[in-house]
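Chain lettering (A, B, C and D) follows the sequence in which the chains are written, and residue indices restart at 1 in each chain.
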Amino acid sequence: MIEYFVPSASTYAGDIDFLFDMITVIVGFWFVMVLAVMTYFMVRFRRKEGVRASYISGDPHSQKKWTHYPHYSVIALDVVIIVFTVMVWVDVKQTLPQAEDKIRVVGQQWSWFFIHSGPDGKLGTEDDVSTVNDLHVKKDTVYHFELESRDVLHNFSVPAFRLRQDTIPGRTITGWFEPNKTGVYDIQCAEICGYGHGIMGATIVVHEDQQSYDAAMESIRNRTYESDYQKRLQKMTVSTASNSESFTDKLLSSF
Amino acid sequence: MGQTTVTHDSHAAHGHDHHEQSFIMKYFFSTDHKIIGLQYMFTGMFMAIVGGYFAYAFRMQLAFPGMEVPLYGTVGPGQYNMLITNHGAIMIFWVAMPVLIAAFGNILIPLMIGCDDMVFPRLNRLSYQIFLLSVVVLFMSFFVQGGGFGGAWTSYPPLSAVAEYNLTDWGASLWLIAVALEFVAFLIGGINFVTTSMNARAPGMRMTDIPIVVWMIVLASIMFMASVGPLIAGSVMLLMDQRVGTTFFVPSGGGDPVLWQHLFWFFGHPEVYVVLLPALGIVAEIMTTFARKKLFGYKTILYTTFATGGLAFVVWAHHQFIAGIDPRMANIFLVTTLLISIPIAEILFSYVATLYGGSIEFRTPMLWALGFLVTFLLGGVTGIYLGSSALDIYFHDSYFVIAHFHSTFFPIAIIGMFAGLYHWYPKMFGRMMDETLGKIHFWGTIIPFNGIFLPLFLVGMAGQHRRIYNFQHFPDLATADLQGIRVFATVSLVTMLLFQFVFAYNFFVSMFKGEKAPANPWKSNTLEWTVPSPPPHGNFAELPTVYRGPYEYSVPGNKEDYWPQNMPDRN
Amino acid sequence: MAGAHAHPNYVKIWVLLLVLLVVSIVGPELGIPWLTLLTAFGIALVKTYYVAAYFMHLNFEKKYVWFLLLISTVLLGVFFFGVASDIMKTDGQNWQDCIANNTCAEQQRYFVIDGDGQLR
Amino acid sequence: MSMQGPLATSRSATGIPTGRLGVWWLLASEIFIFGGLIACYILYRLNNPWWGGEAVFTKVPAGAFNTFVLLTSSLFIVLAHDAAEKKDFDRAFKFIWYTIGGGGVFLLVKYYEYSSKLFADDPELLKTPLTNTYWSFYYTATGLHALHVIGGMVIMALISFDLRKGFNPHRVELIGLYWHFVDIVWIFLFPLLYIAK
């Protein structure tokens, strides 16, 4: 259901979306069931003149079973959820597939600092390319990222990849993702980091092939690069200002 | 019993001493549990107004970014952070806890277990005075240079520890001191509740004759005591970081910010159950009364509550799944988190089963109680999404979390509070509240409430994250559709807040003009309904003896469908 | 007042505690690690037992006071072991404490502490 | 305000007098406060083995003497309780003030320790809370403990005069329980901060 709202652009996004759908089915069933039973009771056992409530203690087993049997099935469904969750969790957070490229992500008050490993695929070498608020990756490439923070907690969040991880000053946290859909997506800071938390956005650009990626890297090195983040911001400020205004007006006038 | 004769004498002397008290002595320095309960309640309700006002201000900013909010002014980023931080802290520490535990605990425990006061009345007064002091310190924190603290109610360091990072030097410290004082106040109050209900029960009252709400408040107090200690130590450490410059939680000096998260959530998760349990207890009292039914499986509910209380201490790290804890630990906490759904589900099933075969009368308190069940159910099932660690990767700190915990905390703190208030109002003030206005208030609260938070589930699924004062820096989130949802939520909020005026009118007018309440308007069993409304100082003219459990409704062979706990013969 | 219980000889307990104190100071001086642990912390537990059992009259108190205090310490143990996997180590699965391990790439220059311990 | 408490206080469904039960709960919550602090310290300590080198600068004799002082004052307060139970209020009064004296000696030694570290001329020996996290813990833990000592002394002084007149003798037992707890906290702080190197 999530992909209806946000594109699914990494290899494990589908797994997480599946988990969402599965849990929705399970808890949705219970939610509806309990509501239905409750509504039935409320209608059936509403106060009527001359009808006395029955005396049920709920202590003998013959009565208790009515809450115990649903309760056992809750346990069974919990086990199902746990098994699937652990499978996805181990895949996303615990195992690291072989890296094809590396990036380093550094959070600071209040922007993102990205280091691309460059042609040699290693961080900390001469050919690293660093940017602020613009991250470039190639499609179908397994990336390892190293998260660091210069001051307070931040959270590297890419909703389109279903990726979120706190950055902690003093710790290096490693993770992975593999984009599988080209496009330009939001990066957010999802952990409050002070006054400018609300402006700490960035952009991730997923390139179709090596060529366009290299072109972007080249322009960054030549300092001819126009920030995709800034471009998006400018475009958006204009469009939403007008859009939201009209929508608001519409909504308010409908009251 | 020899003891009873002695106590009767002392009781007479006791009542006599209090005759000539001035108004100030009676209402501000009283040691009477009912007055202290009311003090807590009014302070809590005042803080609810403050918290609601903050919510109004920042929701207006979210719906109409940059606009000058009527009655507030412009909400900048620093202002916004301060508003959300203090909205969260106020609603949990200064509304839910004082009203649900302290106010209802103070008013109900001595009345329900049949004694004349708390066992430590002066300690009780001290608890309220420290609480009041914490309120004052909290308000001071808003007005110091730099403004109120804006690091979220979780106050994660290093942001909260270093003034250069949070830009609110004294605001952060005063906020922390206020929270610590509040903890101390409730520690003292909790000791009083626990000791009172352990030691001062009426003769004949066995463990299983104690009304569920008393059990719940006592268990909540115990859980609070057990969980808050490490955080008090942590607050001292964080205060040292802020004021002395130590580096307990600042990595540059060798500290570890993750330790604070553990300290905080080791308290913070049991805290959810600390406020949930009293609300569940209140709902149990109301449901049995208005369904004229015995509570389904009293002992089952009791044992599952113990299980919940125990499990609540081993789930805390599910707030930190992606906050940098070791990913292997997450699997353990995933299992414990989903385990806790089992006792809670059992409790809810038992509540629903209580309705079976009843004679349900939809008076205002009953509406609130049923509303609690439905909304809390919604909050409970959405918790499964977040308890699932892999899904939490996507939902952590998103609006889905906000919608989820408001769907649990709103029923707990607000619906639970209103349910209890409508139910015990006759006992507190000796007058009845208006039924029609109460029902208008109910529907006017519950429908807009869902209007606020159901849409927020959707924006959460769209990846919108928390604590952002203006989404225009995030192109994917600044679309017209999402903005429309935000506007809808804000309009719902304002509607809900407006309906609270109905309550305020009903509350204050009924206090003076309402119909006089009889001693037992709802024909309920528990001991507080055997004394006049409002109860006199010292509560019971003659101390009661208890013969049976609290939920003996519609017992076959009785003429009446209720059977007070202290009535020796058939009713 | 509860006063029905037999009183222990308080002075005898006190002398015993002082002997334990001397042992707990002398033991670590020998410099053997396991003996240090045993004498320093094992004896602290023994001392605690004697103070609690005799001075605080826990041996004559209702049993559930022991239970209450034990539950408190058990919960503290839960807290300790839950937290230990993070705080007690400098690396774990997919993370490491880069300040302790001196492997920070981008952070070091920002973390300079001057003489009075303040952040740069 | 009437001195007469509510009769609820005189009930005892558990068999433990109300005041004592309350103090046991208070101590249970104190276990969590100090336990939390000590747990944090141990966690950091195990992560930073070099803290042992810092612990060398603590004054073990002073700490040992303070342990002795607290143990002895624990004996005094339990003797005071004993005397109060036998209705020998003058003797109880005397022992309470011996206990307060013990607390005073404890604080004097603490003051000597603090001042010799905070105001040392030799930069090697100068240890402030900002020196490193070990010393932050040292000052926070011992400071919090010292506050508890002061609190206990104040309460003991307050109740001692009532006691001499024979009012509320059970309070000696209550403050005694608290004082023993403070003693126990020190029994743990001493090896943790001073001895383990």
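Some observations on this one:
We take it that a contact is a pair of C-beta atoms (placed from the backbone, for glycine too) under 8 Å apart; a residue touches a chain by one contact, two chains touch by 3 or more.
The structure displayed is predicted, hence computed values, not measured ones.
Set against one another, B-D and A-C show the most C-beta pairs in contact at B-D. Averaging Cα coordinates per chain and for the whole protein, the chain whose average falls nearest the overall one is B. We define each chain's centre as the mean of its Cα atoms; on that basis chain B and chain D are separated by 34 Å.
Averaging C-alpha coordinates per chain places the centre of chain A 41 Å away from that of chain C.
Chain C and chain D have Cα centroids lying 16 Å from one another. With each centre defined as the average position of its C-alpha atoms, the distance from chain A to chain B rounds to 30 Å.
Within chain B, residues 162, 226, 230, 245-247, 251-254, 256, 258-259, 324, 327-328 each touch two or more of the remaining chains.
Residues of chain A in contact with at least two other chains: 93-94, 151, 169-171, 173. Each of the following residues of chain D touches two or more other chains: 14, 16, 25, 28, 31-32, 35-36, 39-40, 43-44, 47, 130. The set of touching chain pairs reads A-B, A-C, B-C, B-D, C-D, using the touch definition from the header.
Residues of chain B that touch chain C in their complex: 162, 164, 226, 230, 245-247, 250-254, 256, 258-259, 262, 266, 313-314, 316-317, 324-329. Chain contact summary for the complex, chain A toward chain C: residues 93-94, 96, 104, 106, 113, 115, 123-124, 146, 148-151, 169-175. Residues of chain C touching chain B in their complex: 71-72, 75-76, 78-79, 82-83, 85-87, 92-95, 97, 99, 110-113, 116-119. Of all residues in chain B, those touching chain A in their complex are 63-64, 77-78, 80-81, 150-152, 156, 158-159, 162, 165-167, 251-252, 256-258, 291-300, 322-324, 327-328, 330-331, 334-335, 338-339, 341-342, 345-346, 348-350, 352-362, 370, 373-374, 377-378, 381-382, 384-385, 388-391, 393-394, 396-398, 458, 461-463, 465-470, 472-480, 483-484, 487-488, 491, 553-556, 561. Of all residues in chain C, only 93-99, 103-107, 110-111 touch chain A in the complex they form.
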